[in-house]
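Below, each structure is written out as structure tokens.
Next come two complexes, and both contain chain A; in the first it sits with chain B, in the second with chain C.
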Partner chain A sequence: MTPDTPHNDLRPGFLALSTALTGFSEHELLGTGQTMIYLQTVCDMARSDCIADMLDAFCACAIGDDKAALDRHLRLCILSHPRHGPLARNLVKLWYTGTWHCLPRDWHESYGGNPADHDHIPSPTSYTEGLLWPAIGANPPGAKPFGYGMWANPPRVFRA
Partner chain B sequence: MSLFQITDLAGLHHHLEAAMQLEHATIPPYLTALYSIRPGSNTEAFDIIRAVAVEEMLHLTLVANLLNAVGGTPDLTTAGFVATYPAMLPDGEEDFAVDCQKFSPEAIETFLRIERPADLNHRQQGGKTVTRQKVAGAVTAGHTGAATEEHFFSIGEFYKAIEDGLDRLYADIGDALFSGDPARQIGPEYYYSGGGGLIEVTDMASAKAALDLIAEQGEGVTDTIFDEDGEIAHYYRFQQLVLGRYYQQGDARDAPTGGPVPVDWSAVYPIKTNARLDDFPMGSDLRNAAESFNRTYATFLDRLTRAFRGAPEQFIPAVGDMFHIKELFYRIMRQPIGDASDLHGAPTFEIDRSTEKTA
Partner chain C sequence: MTGTDPFTIPPEVAFETRYDVAIIGSGVSGALIAKSLAARGLRVIVVEAGPGEDVTIADYTKSVERFYSAVSKDNNAPYAHSRNAPMPRDYDAVKLHDGQPNDRGYLVQNGPFEIDSTYSRVLGGTTRHWEAKALRMLPDDFRMQSAFGRGRDWPIGYDDLAPDYIRAERELGVSGNVEDQGYGGLTFEDGYVYPMKRMPPSFLDKTMAKDLDGLEVTVGDETFSLNVRSTPQARNGIPNAAYDGGKGFTPTGAVSIHQAEMGERCQGNTNCVPICPVQAKYDARRTLLAAMDTGHVHLLPRTVAARVEIDSTTGRVTGVTCKTYANKDAPGHITGTLNATTYVLAANAVENARLMLASDLHGSSNLMGRNLMDHAYLLTWGLMPQVVGTGRGPLCTSGIEDIRTGAYRSHHAAVRFSIHNDGWGWATGAPYTDLADLVDARNLTGIALRNALIDRVGRQLLLDCMIEVLPEESNRISVDPRHLDQMGNPRPVVSFDIPDYTLETVAFSRRLTRRIYQRLGAEDHSHYTPSAPGWVTHDGEGFTVRGGNHWAGTHIMGTHAKTSVVDATQRSWDHDNLYLAGAGSMPSIGTANTTLTLAALCLRTADAIAHDLAPGTAAPSASTRREGVSA
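And then the complex of A and B:
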């Protein structure tokens, strides 16, 4: 995935919403190397105009550093919204587990997503870069840390 | 670094210390180009650069074995051990500087210069000696002398001078030359996943075998592309990326006839060449990550130094450190610097700054 993919203009909004939804910083999300892969995935499975609308809805409200206001905005305008909500929840699962789950049938019938939408793992590194591992302070079994005998050491987990 | 013909044991130690510095100086540029490749792309190029980088690590360890064998003391923690890039190589080729830069035609061009065969000088320049002048930015060693300086066109010539020095000293003092503690030798069990193998140096025969292996893997022997084990020399490995084809047995130099080597120069993180800490805003996550990288690398070099001084079991956690360093590379290279350039960060290898207090 190169930076000049068709969805590059959505990248800043996608990162901002992903930061709000996951609780991880932009630095941490970029560090996984998954940002453009995941943006491509949601655009492929749900149509890029749905994503653009959701990002517009999120960015429409200038909240600054007010965490309570951000929380309220996310719940009211994104998670409770009939079209944005399922997408946003899928995005949370995607970042944490590295797996894209097929959107609900109702959602596809109402909003016309990709008929080929299906459960899948977007890249070979999605599992190892899942946010659930740093969130629980553990390493992805079988994938990190590399090196003979390193499994015997306490996890060395990165948080910015 | 100043080097003078080897006439005594101190001179031999000095050359071997320079050789360790030289082997290490190639590793940050190789790793920077390697990890700038976006995962999943350029798999052929990734394999080629990775294989060479791993063999440079082998060479570093072989030189440490040599230095230990002749009673020296390896030290990767001396101030100035890690080059400041762009850097001139410590053995004195002053017609090019080495950058830490992304995977690119320019990077491979530099790698070819690093690994160039000694006889390329004669083929391309009619055997003209490269003259040496004091160059700003040259890597400086921890120990220097004062007499007529040596200068080498290639790494192979540099190692030839070491071999000649070894011969002279051996003629003088015989087996007493190998006075080092054999317990400090790093054995073959600590090296894997790369060509060649570790050789414990305890006498003249094993010393020569270690030097031969370094020379063979680097530039090839005389005009061969493959060595007797069928392993291709570094120079020709890199050349495959420029020429777009693999070499196969029987090929003439500069004319590989094997399968294609596809290269996508665009599938690369757009990192800043020779990035420095000061390129990253103080207090930013990127700056903190780059500082953390330097501290991790300093700790790693300290661990290697202990491994070379009688604690070879330290190599096991050191390999874990290497994989951790790889993760840090990726984390940093995926971050835009945030200025107008659209460039990304990169590890700075300013190891001597790793003890600075962060603001």
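And then the complex of A and C:
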């Protein structure tokens, strides 16, 4: 991505929040190649100032490595917030499945998102890069197979 | 041949050519008959209603990407749709209310049972999205009336069809293990092996087998011992060197008019339905391209057969009137008539009946479109005690076959069970619905979400119960001038109910699967809701029954024109130069997916047609057929 890419200034906060929401490392998220596609998607379907506000709220306090504090911060400031919560939950599903789900009608009525918001998969690779599959030790159906006969072996599933 | 498309011919040429054989439909039935006849030098035209563009890796990749990009990943999601040749979608099946038909999709559902089965109107037909299970029917399945006083007998028996099963298993390229098929009276030729070795059983299969094998079940007066057995399937595996008397087997790879390094062994993409991204799964394009290689076959896509024309004196078919469209979405078509000595309708059990009824050809038995069958699926699902690696491998590698037949069939239907490697998706929409529940209702994110998904999805077992449905004349396809498609062709109207004979086994299967989950120590999560399409009740208990996409019976085979539509070669009793080919001819479907059996039937049909049109050309032998088509 070039420095001129729209929303490039939001990228660090977006990655930090995405890491906390998904339980996957920044390194793993970047490896999907979807970061800027997803940032663009949420900005398009909601509004970029809504996203900026959410990222500001998330980055407002320095948590460090305290997992319990991070969890509490997410719950208090993002997930239970009427504007940020639905966006954050949509973002989790987007990372996990590659599918953007239309935001709830009352969200749009209250915060004025894009009237053209709709369920969609931003790019074919969004589907194959879904985090759901590595989370459960499977391949995305129709892509990234493990190879002939590998299904006979015990699964390799790693608890985070 | 046109300049832009080296594979198909212009409609003007097709309509002005006199063919030996005109085949309606490029699916497995039509493709097998075309290949067999063309190899014997007969001039054949194959007509396909769908766009028919899928003969390059680039086209195929488009279908895979269409699947990736589809929010609703139903079994027709990958394929290019034509508004001029619409196809059914499972999500169009809805709960019927107040006896009102549901006409929101291509099929008009007249009820009382709403069936969510589909088919594909594309090059290669429904084998494009089939799962490729390739079980043989059992000897008892061919003699239902004489053995059990139920349903109908076939005019041929298992032993008559056994040599054709061998041919069909070669054509489709079946991976399997004969030793695992020793149940229910199944017999194989001495020393027979499948073309390829069985798909390795999944870790889930093996985990289940440890505790399940040896479970004794009493059904009626008989006791059966259940065992997990590998499922034969038309999917490329490791060729068996012992095949064909030690000659071995060379698998057919990806379909492409250009060279392609794809289509070797199954890689475990867990996506047999709706599309195998590497073409390890058989689909009828393989056979069709081999047929085209003979130089004796013309392909006319984007062409919907509209009317079968009959000479009223002789009853012979004089032509098939077709409508060819240029744009798959926009209205507009040209009309022409195919001209051939012999005609084959191979458009599937629903479309064959639709076309005949649209041509006012009800048959002297009045059975055209009647005796509609499909398998009734009861889905059950649970969580295994440990993580079993759900979501890996072909959709199913094993099943439970031991009670596919028995004296109990005098009272209720036969059943087999498939162990699903892909989790609860078919029943619940998993794992997407699991993710939504964990995020939206359980308020999980981050590492807690990841760990919860492992327990929620990685332990999933779906056990489907595939239950026999017998022919009943009231279950039928019909046409109604009030329901037309964009081209003005009548759409199929489905009237279907699940007979008590089948419902009894639905209830039995639920009782048996409860025992299986108890024995495995699995949490049984199966539940059924009255608001869902497919809701049925039996003895006060309710279930949701799903369709199996195994449409059959609508031009039923028999021994007499008054009681059946076609003879044992699938030739129409009423029109002696017309064959109706495919599962529509089957008088029973037992507990086998219909494709392997209909493939065996179609190979016999090709022999019968060749016997009439090209006497003296023996069927190409199994070992020479491959060379024969490219000569």
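Observations, loosely collected:
Here is the rule we go by: the second predicted complex is superposed on the first by the 141 of 160 C-alpha atoms of A that agree within 3 Å, B and C clash if a C-alpha of one lies under 4 Å from a C-alpha of the other, contacts with A are read in each partner's own complex, and residues count from 1 in each chain.
In this section, a residue touches a chain if its C-beta (ideal position, glycine included) is under 8 Å from a C-beta of that chain, and two chains touch if they have at least 3 such contacts.
Every value quoted in this text rests on a predicted model; they were computed, and no experiment measured them.
In the superposed model, A:P124 makes contact with both chain B and chain C.
Shared-chain residue A:P104: touches no atom of chain B or chain C.
When the two complexes are superposed, the chain touching more residues of chain A, out of chain B and chain C, is C. With both structures placed on the common chain, the touch criterion links A:L30 to chain B but leaves chain C unconnected.
By the touch criterion defined above, A:L21 lies against chain C but remains apart from chain B after alignment on the C-alpha atoms of chain A.
In the superposition on chain A, A:W133 makes contact with chain C only, not with chain B.
In the superposition on chain A, contact is made by A:N153 with both chain B and chain C. Using the contact criterion defined above for the overlaid structures, shared-chain residue A:K93 touches chain C, although it does not reach chain B. In the superposed model, A:P145 makes contact with both chain B and chain C.
Counting contacts by the rule stated earlier, residues 123-125, 145-150, 153, 160 of chain A appear in both its interface with chain B and its interface with chain C. Chain contact summary for the complex, chain A toward chain B: residues 1-3, 25, 27, 30-33, 123-125, 144-150, 153, 156, 158, 160. Within the complex formed with chain C, the residues of chain A that make contact are 20-24, 67, 70-71, 74-75, 79, 88-89, 92-93, 96-97, 99, 119-121, 123-125, 127-128, 132-133, 135-139, 141-143, 145-155, 157, 159-160. By the touch rule above, chain B contacts chain A in their complex via residues 38-40, 266-267, 270, 285-286, 288-289, 316-317, 319-320, 322-324, 326-327, 330-331, 334-336.
Within the complex formed with chain A, the residues of chain C that make contact are 64-65, 67-71, 73, 200-203, 206, 237, 265-271, 275, 277-278, 387-394, 397, 421-422, 431-432, 435-436, 439-440, 443, 445-451, 453-454, 457-458.
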